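Submitted below is the structure of interest, expressed as structure tokens.
When the chains are written out, they are named A, B and C in that same order, and each has its own residue count from 1.
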Amino acid sequence: MSLNSLWEYANPKKFIQTTDRVLPWVAWSAALTLVVGLVWGFFFTPDDYRQGSTVKIIYLHVPAALMAINAWMMMLVTSLVWIVRRHHVSALAARAAAPVGMIMTVIALLTGAIWGQPMWGTWWAWDPRLTSFLILFLFYLGYIALWEAIENDDTAADLTSILCLVGSVFALLSRYAVNFWNQGLHQGASLSLDKEENVADVFWYPLLVAMAGFVLLFIALVLMRTRTEIRARRMRALLARERMGA
Amino acid sequence: MLTVTDLSIARGGIPVLEGLNLRLGAGQAMVLRGPNGIGKTTLLRTIAGLQPPLSGQVHVTPESLVYAGHADGIKPTLTVTENLNFWAQAFGNHDISAAIAAFALGPLAARPAGALSAGQKRRLGLARLLVTGRAIWVLDEPTVSLDTDAVAMFAAAVRAHLAQGGAALIATHIDLGLAEAQLLDVGPLRAKPLDIEDFDGAFL
Amino acid sequence: MRDIRLAMRAGGGFGLGLSFFLIVVVLVPFGVGPQSALLSKIAPGILWLGALLACLLSLDRIFALDWEDGSLDLLATSPLPMEGIVSVKALAHWLTTGLPLVLVAPVLGVLLNLPEAGFLWLTLSLALGTPALSVIGTFGAALTVGLKRGGLLLSLLVLPLYVPTLIFGAEMARRGAEGFDITTPLLLLAGITCGTIALLPFASAAVLRVNLR
């Protein structure tokens, strides 16, 4: 597929048509992968010798944390596309992804607290990772609030895109600042794609499936929400047209 | 000095005027007419470069243009002289005496602008045009709250400006007594709503 | 230039931030108790936080008045580049809010039992950090200019952006007060300030242009 034809999907009509066909597949495979990953993880893996069954929350915690960050990355990319190429669908996709990303952040924080209670004996600690996610949550809040506050859609898209760019830089800065501020008790990245030092294969495979499930779920939700945003936007435009007495 | 070709403009994402052409040469003035809400303010803001056009071109050197909108940009805590001095400096000029004379602001010069009446404030806002030294005036309802004497003052200022090779584009409803000004009624240029099935980038 | 004169002449803005700072600092001992050992331990953090909140208080005034009276439109069509206007606005905000806060912070430090070694570093860290607060705040103010209830949104947008500045600034003041080496936070704080001053006005100007259309 050439780059040119890729941009065709930035046309709202084309986008709706394409996603009409794609969305059911994505949604069903998301559901299937999630069920397989979570059931496998929850019921068919052995308990950890130290952590007991509490370790199994990892199948929610890690994928959610992964998507919390990836959602912001996606918003950054779509914001850039809007600024450079001014495709409305791109801006609306960023808008659609924000609440999903925020929910993922909340899930990561909540499951982390639930996991942390038996492990560290506390629901919350000002550990760099926890703190970074809390800050990420604040960024999502501000971003969504700015979208909601501005009436003109194009203005809102422009302003939120720039906020997303500036926010990304500051989020990164905050990450380093927080690391500097408190070297914490969170284990290092418990997994990396090339080497799974901390996690044995039995845990690793269902986790991969769960992560794939979260990715698919995220894509399905964002597609769905983008379609809604496109229709809502079209409705606003039609209403405005009515008011103009056309 | 100012050429506008096939301009379409939008307010809040909705097209309001389309197919607009106009030319303004040195020493010429043009008065825009049209019912309220037709998009005169949007047109002037687009020409002033504050807002991008939907399509079409505005050919003008941005450095030759000055815009005056509904609000005068006057700081109530500064005096009349200080207000004018600020704008003169912002545009790289220094002499404000001519502007004060043209709008008979002499007796008010040391008064804080907040203590002026609405009409006096408007005169101060218009005097600002003179201190900018810009050739093309783009004015939105400049005569609001002016009395007949002040309107005459304003007309004289415009005429003097035109005589020096300037130009003016004015949206107004009252008769300024500028016989030489061309008249442009933007009423017939109201944008036609797009076909409802044309469902692309602009969503309408 | 004009902005400074205006802020002075308008009264209000100048003293308000300072009074707020004072009140925050006075309220803290009521909240945490009068033990001087505890107060002197948290003094650098409280002073930084108080200064930050006082800074936040006056942000929405940066563009609001110019927006209401139309000056912003006129400035945008003037020969001054938008980036310059934004920078001058930030500078004016710092001179009327940030600088007085820096000067008064040592006095309030006495109220909180700030250790003697800390005064110099606290003042220095605030002097280094508050310009960044003003510049970041100007960006937030540019984002929310023209919104009817922009004040609250402004805080929501700006506070997360303040995190790195606050961390390094307060850390520098704290280490200074406890007699540790302050080189690292000092350099990082200076880096943030220089970076924001150099880059953020472009974002603020872009945002302001969007808001003016």
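Simple rule for what comes next: a residue touches a chain if its C-beta (ideal position, glycine included) is under 8 Å from a C-beta of that chain, and two chains touch if they have at least 3 such contacts.
Chain-to-protein mapping (UniProt): A = Heme exporter protein C; B = Heme exporter protein A; C = Heme exporter protein B.
Only a predicted model underlies this, so the values are computations on that prediction, with no experimental measurement involved.
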item	value
Chain nearest the global centroid, as defined over all protein CA atoms shown	C
Label of the chain whose CA centroid is most distant from the centroid of chain A (Heme exporter protein C)	B
Centre distance in Å when chain A (Heme exporter protein C) and chain B (Heme exporter protein A) are each reduced to the mean of their C-alpha atoms	48
Distance from the mean Cα position of chain C (Heme exporter protein B) to that of chain A (Heme exporter protein C), given in whole angstrom	32
Chain B (Heme exporter protein A) and chain C (Heme exporter protein B): spacing of chain centres that average the CA atoms, whole Å	37
Junction residues of chain C (Heme exporter protein B), two or more chains touched	213
Touching residues (chain side chain C (Heme exporter protein B), partner chain A (Heme exporter protein C)) in the complex	139, 143-144, 147, 149-150, 153, 156-157, 159-161, 163-164, 167-168, 171, 184-185, 188, 192, 200, 203, 206-207, 210-211, 213
Chain A (Heme exporter protein C) partner contacts - residues on chain B (Heme exporter protein A) that touch it in the complex	12-14, 193, 196, 199-204
Sites on chain A (Heme exporter protein C) touched by chain C (Heme exporter protein B) in the complex	135, 138-139, 141-142, 145-146, 149-150, 155, 158-159, 162-163, 165-167, 170-171, 173-174, 176-178, 180-181
Residues of chain B (Heme exporter protein A) defined as touching chain C (Heme exporter protein B) within the complex	45, 48-52, 62-63, 65-75, 77-78, 82, 86-87, 90-92, 128, 132
In the complex, chain A (Heme exporter protein C) residues that touch chain B (Heme exporter protein A)	11-13, 86-88, 151-154, 230, 233-234, 237-238, 240-241, 244, 246
